[in-house]
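Both complexes shown next keep chain A, but they swap its partner, so chain B is in the first and chain C is in the second.
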Partner chain A sequence: MLLNILIGLGVAFFGFVLQTSIGGINRKIVGRLQKRYGPKWYQEFLDIFKLLSKRATSHGWIFDFGVIMALGGIIATAMFMPITNNIVAFAGYDNFFIFVYLIAVGMLGMAMSASGSGNPFASIGVMRALTTMLAYEVPFMIIVLTIIKLTGFSSLTEIGLFQQASGNNWFLIALPLGGIVGILSLMGMLGKKPFETYIAPAEIASGPMVEYGGKQLGMLFIMHEITVFIEVSLFVHLFLGGAENIFIFLIKYFLTYTTLNLISNVNGRLKIDQVVKFYYKWPLLMAVTQAIIAIYFGWVI
Partner chain B sequence: MASIEILILILVASSIVSYFLTKFNSFAGSVLTIFSTMFVFVSLAYYGFNDALVTTVNLLPGFTFEFTYLGAYFAIIVAFVYSMVSFFHPYFVDHYKYKNAYNMLFLLSLAGVLGAFFTDSFLQLFFFFELIVWTTMFLIPLGKSKSAAVSYFGFSAAGSFAMLFGILVMFREVGSFDITAGLASLSGTNAVLVFVSFLIAGFAKLGVFPLHIWLPIAHGNAPHPFSPVLSGALVKLGAFVAVLALIRISPASTVITAISLPYAHYIIALLGAVSIVFGTLMAIREDDAKKLLAYSSMSHGGYIIVAFSLLDSVAFAGGFYHILAHALASAGAFMAIAAVARQTGTTKMSEMGGIIHKMPITYIVYLVAIISMAGIPPMGGFISKWLIFQAVIDKGLIFIAIAVFFGSIGSFLYVFRPLAALFLGQEFPQFKKIKEAPILMLIPMIIITLLNIYTGVLPNGILGFINKIIIELGFAPLIINSPALTISGNNGLLFPALIAGVFGFGVVVAFVIFILLKKSRQVGLMDTYTAANFIHTEELLHYSVDFYAPLERLYEKYTTKMTDFYDGLANKVKELGKLAKYLFMSKYVEVAIFWIVAILAFLLWGEL
Partner chain C sequence: MKSTKFTEPRKLSKEEVDRKWWEIGDFFRRNSLWMLMYCTGCCAIELPPAMTAAYDMERLGMGPMATPRQADILLISGYLSVKSLRRVIYTYEQMSEPKYVVGLGSCPINGGIYHDSHAVINQLDQYIPVDTYVAGCMPNTESVMNGFVDLMEQIRNKTAKGWIKYQENNEWYKKNQKAALGEVIIHDEFHE
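What follows is the complex of A and B.
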C-alpha cells in the first residue's frame, strides 16, 4: 500500500513537472507564432518558486483552508491517473468517475477560498467557472457514456487497452463526432479561448485568482498545472488509445496540448451565455447523435 | 425486544403528555420530545438491524403489522431525522403561536410514519398516511405563511385519494388489502390503473414533476426546524409508494428492446429526468436558501424515481442508498440554514454575508452536506450517484443520462450559492455581533456531518442491509466485497475507503507544503483589489444578488410555465365551483323555478 501511495505521489509530481515544462515550451511556441522570442521554457518553474518563497497576505482561515483543500484534492485525483498501461498507482481503481468528481473537490476548495477573499471579482469568476463547467461537462459525459457502453469498462487503463487491441481504432477515429465533442469539451475544461471567460484578465482581473499572491498563488499555480495534466491525460486515455509506454504518452500528450493551444490562440473570447448556448447547441447535438449511432445502431468505425 | 405496537403507543402517549408539559414549560416538553424520538430511533435501529422487531398486536385491535426490510429501512431513516431535528425544539417552539401543539403534532406524525412503514394492509397504510398529512398540515402554517399549508394539503390529498382509488381497484380484483400479495396478483387493465394511481400518489408525496409545486412553497415557509423533516424524511413516503408501484406491479407493457425496459417504466424514468432538470434550473435562480434546497429535493426525488424505474439491482441499490444519502445531506443543509436563520432572522441570501467568521461549525456542517448533495467523494452522495450512473450507462439510456449528468453538475452550481452568498464573502456589519448556534443544536448537526462522511467512506455495511431489501423484492443482490471494502458496479470497481484515504493524504501533503512556507500576513476582508475605486460599504463588495444572472437570462422566461398551468387549473376549478353555486345554491328566482320544473318533470316522467 505504501508503495502504491508513493507511485501515486510520483505520478502527481511527474504531472506537475511535465505540464509546467510543456506549458513553458508552449509559451515559446506561441511567442514565435506572434514574432516574439518568448520566455525560456523553464520560466513557469521560476514563477512558481518565486511565488512560493514570497510572503503574502491572507484573508482569514477559509482563504488558506480552501487553497489546501484545492491542492490536496487535485493531488489526490492525480494519484489515481494512469500514465501508461503499467504505470498506475491503484490498478483497477482508475475509474472515470473518480476523475470527474474528485477533481470537483479541488475546484470546490478553490471556489471556496476565492469567495472567502471577499472580492466580488473572485465571486464573478467562480460563477463563470461553474457556469462553463455546466456547459462543457454534459456533452463530454454523453460521449464517455458511449465509450463505457462500447467497451464495458469505466477504468481508464482498460479503455486504453481496448483501443490498443487489434481491430479497434482510437475513439477519436472510431467515434468521429464524439472526437470533435471531446476536443471542444477539453478546450472548455482547460479554459482555453474562446472559453476562457472565467479568467478573462482584462475584464474581471483574472477572476478567482484576483486576491492571491505569494505562497497561496504559488500553490494554486501548482494545482492548475496538475489539473491540466489530469484533463489532458484523460483525453489521451479516452480518445487517443492510451499509451503502451512513456514515450508514446509524452508524444500524445505534447501533441494534444500544443494543438489545443494553437487553436486557442487564433480565437477571441465568448461571453458566458454564448459559451452555454454554444455547448448546448452543437456539441450536445453531436454527442447525442454519436451516442445514438454507436449504441443503438452499433455503427462504429 | 421492541414491539412496533408499543413504540407507536409510546409516541402517542408522549405526544399527549408533551402537549400539557409544553404548556407549563416549553423546555421540559421539548426535552420529552427529544427523549421519546431518540428512544424510538434507537430501538428501531438496534432491533431492526438484528431482525428482532416484534410485530404481534395485543393492544390495538384491528391493526396488523409486518416486518419487511423495505419498511424497516425507511422507518429507521425517518426516525433518525426526526430524532435529530427534535434537538432544535427547545430553541424554536417558543416562537410559535401554538407551541404545545407543535410538539404534540411532531410526535404524532412520527407515530403515523412508523405505522405506515410497518403495516401489512393497504387500508391501514391509507389511515397512517392521512394521520401524517393531517398532523403536518397543522405544523406547516406555524411558519411564515398559512397558505403554504393549503398547497401542501391540496397535493397530499390528491395523492392520497389517487392511492385510495388504486387500493379499491386492487381490492375489487384481488379481494384483499394485503400489500405484498395484492399487488403481485394484479393483471390487465387493473394493473395499469393501480400502477398509475399509485405513481400519482408517489409523485405527489415525493414532489416530482409535474406534481412538485407544493414543494418549494411548503419547504420554504414551514417552521425552520420542520423543513429538514419535510425534506429529509416525509417526502421519502412518496419514494416508498413509488417503490411499491414500480417494482411490485408489472403492468402489461411492451419492452423496448434497445434499452430492455418496459415503456411504462421508461416514461416514468423520463418524468424523473424532467424533474431533475427542472429542479436544478429552478434551484439555480432561487434567492431564498430554503426554497433553493426545496428545489434541490425535487431534483433528488427525480434521481430516486429514475433509479427505481430502471429495474436493475445496481440501480435499486443506488436508489435506496440515495434515499439515505439525500436524507442525511438535506437534513444537514436545512438544519444549518435553520441555525443561521435563528441567529440572523432571515433565510434570504441577498441579505446575508460573511456568517462563516461567527458560525464556523455551522459552515462545516453545511459544507459537508452540500458535498454529499452534489455527489462529490468522499461523501455518501457520491456512492449513490455512482451506482445510478452505472445502471444508466449499462442500459444505454442517452436522454436520461443527459438529465442525470446535468443535474449532477448543476447541483455544484446551486449548492455553492448559499455557500458563497451566505457564509463567505464580505462580513456585514449587522452580523458582526451574532454568535455560533447553541451547543444542543450543534450536537445533531455534528452527528449528521459524521454520518455524511461515514456513508461515503464505508458504505458496505449499509449496502449489505440494502441487499436484503433487494433480495426481498426478488432481484439479484449488488456484489459487494465487505472485507476488501469494494463495490462492483456494471462496468467497474469502486473502493470508497481508498478514495477517502488518498484524498486525506493529498490534503496532508498540501498542508505540509503550506505550513513549511513563510507565514502570511492577516488582512481584513475590505482590504481587497477594487480596480482603484474607493468602496467603504460591505454590501457593495459582496456579490450575491442574481448570482448566476447570465445563465438565468437564458431560461427565465420559461420558469413560470408550470405555475401558470396550475393557476389556470385553479381558475377553472373556481369557475366550476361558481357554476355549481349558481345552479344549486343561488338566490335567483329563475333557477328555483327551473329546478321545480325539472324535478316535477322527473317525477312525472312515467305518468304523462
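What follows is the complex of A and C.
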C-alpha cells in the first residue's frame, strides 16, 4: 500500500515535470511560428520557482486553504493515472469515473479560493469556467460512454489494451466523429484559444487568477500543469490506444499537446455564450450521431 | 577512529544561509520578469516591437501580465497626471515583493515636455522608488531592451533595492504623495 502511494506520487511528479517541459518547448515552438526566437525550454520551471520565491499577500484563510485543496485534489487525481499498460499505481482503480469525480475536488478548491478573494473578476472567471465545463462535458461524456459500451470496460488500461488488440483501431480512427468531438472537448478542458473565455487576460484580467501572486500563484501553476497532464493522458488512453511503453506514451503525449497548441494559436477567442452554443450545436450533434451509428448500427471502422 | 581525510564543514550562520537562498531566488527572479504595463504616454508605442518578432522580449523570460499581484515590474511609460498618480501608487502597493519599477521616457525623470503643466507630476522618484530609467523622448526600442538588461544586472548585483527603500523611507514617500494628491476623505461602505 505504501509502495502504491509512493508510485502514485511519482506519477504526479512525473506528470508535473513532463508537462512543464513540454509546455516550455511549446512556447518555443509558438515563438518560432511567430518568427521570434522564443524563451528557453525550461522557462516554465523558472517561472514557477520564481513565483514560489516571492512574498505573497493573503485574503483570508479560505483563499489560502482553497489553493492547498486544489493542489492536493489534483495530485490525488494524478496518482490514479496509468502511464503505460504496466505503470499503474493502483491497478484496477484507474476507472474513468474516478478521474471525473476527483478532478472536481481540485476545480472546486480553486473556485472556492478565487471567490474567497472577493474580486469580481475572479467570480466572473469562475462562473465562466463552470459554464464552459457544463458545455464540453455533455458531448465528451456521450462519446466516452459510447467507448465504454463498445469495449465493456471503464478502466483506462483495459480500454487501452482493447485498442491495442489486433483487428481493433484506435478510437480516434474507429469513431471518426467521436474523435473530432474528443479533440474539441480536450481544447475546452485545457482552455485553449477559441475556448479560453475564462482566462481572457485582456478582458477579465486572467479571470480566477486575478488576485493571486507569489506563492499561491506558484502553487496554482503547479496545479495547472498537473491538470493538463491528467486531461491529455485521458485523451491518449481513451482515443489514441494507450501506450505499450513509456516512449510511445511520450510521443503520443507530445504530439497531442503540440497539435492542440498549434490549432489554438491561429484562433481568436469566442464569447462565453458562443462557446456554449457551439458545444451544444456541433459537437453534441456529432456525438449523438456517432453514438447511434456505433451502438445501434454497429458501424465501427 | 575518526577519518582525517575530510575536515568538518564550517557551520554557516543564519545570515549566510539566508543570503545563499536569496541569491538562488535572484537567479529565478531575474530570468523570469513579468511586467505590468502602465502606459499612459506615447512611449508605450515602443513596447510592441520590443515584444514581437523584432526584439522578442520573451527570450529573456519577460512577458506582460494582467494584474499587479502577478507582476514583478511596474513599467511606467510617459507622463503621470496627478489623477493617474493615485492609481499608480495603489498598483505599486498591491504588487507582491520583491518588486521593481522601470520608468520609460523623459517624463518620469523630469517631466519631459509637460514639465510646466499644472496637472502633471515632474519627478516620479519623489512618490515611488524607481530602479531603472530609460531616458529619451521617446527612447529607441534598443534602449528599452537595454534598460531591461540593466535591471537584470542590478538584480544580480543586489542593487535593485527600490522596494526596500520604500519600506524604510515610507513616511517620506507618504508625505510627498499627500503633498501632491491632497488628503481625500472617502465616504463609502469600505472606508467608514
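Everything that follows uses one rule, which is that the second predicted complex is superposed on the first by the 301 of 301 C-alpha atoms of A that agree within 3 Å, B and C clash if a C-alpha of one lies under 4 Å from a C-alpha of the other, contacts with A are read in each partner's own complex, and residues count from 1 in each chain.
Just so we're on the same page, a contact is a pair of C-beta atoms (placed from the backbone, for glycine too) under 8 Å apart; a residue touches a chain by one contact, two chains touch by 3 or more.
This one's a predicted model, so the numbers in the text were calculated from it and none came from an experiment.
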Regarding the shared-chain residue A:57, is it in contact with chain B (first), chain C (second), both, or neither? both
Return the chain, chain B or chain C, that is in touch with more residues of chain A. B
Touch check for A:46: first (chain B), second (chain C), both, or neither? second
Thinking of the overlay built on chain A, is A:137 touched by chain B (first), by chain C (second), by both, or by neither? first
Looking at the overlay, what does A:214 touch: chain B (first), chain C (second), both, or neither? both
Which superposed partner A:34 touches (first chain B, second chain C, both, neither): second
Identify the residues of chain A that lie in both the chain B contact region and the chain C contact region. 53-57, 205, 210-211, 214
Seen from chain B, its contact residues with chain A in the complex are 258, 354, 356-357, 360, 363, 367, 371, 374-377, 382, 386, 389-390, 392-394, 396, 398-399, 401-402, 405-406, 409-410, 412-413, 416, 419-420, 424-427, 489, 491-495, 498-499, 502-503, 505-511, 513-514, 517-531, 541-544, 547-548, 550-551, 553-554
In the complex of these two chains, what residues of chain A are touching chain C? 27, 31, 34-40, 43, 46-47, 49-50, 53-57, 201-202, 205-206, 209-214, 217
Touching residues of chain A toward chain B in the complex: what are they? 5, 8-9, 52-62, 64, 67-77, 79-80, 90, 92-93, 95-98, 101-102, 104-105, 107-108, 111-112, 115-121, 123-124, 126-128, 130-131, 133-134, 137-138, 141-142, 145, 148-149, 151-155, 205, 210-211, 214-216, 218-219, 271-273, 276-277, 284, 288, 291-292, 295-296
Footprint of chain A on chain C - complex, ascending: 24-25, 28-29, 31-32, 34, 52-53, 56, 58-59, 61, 65-72, 95-98
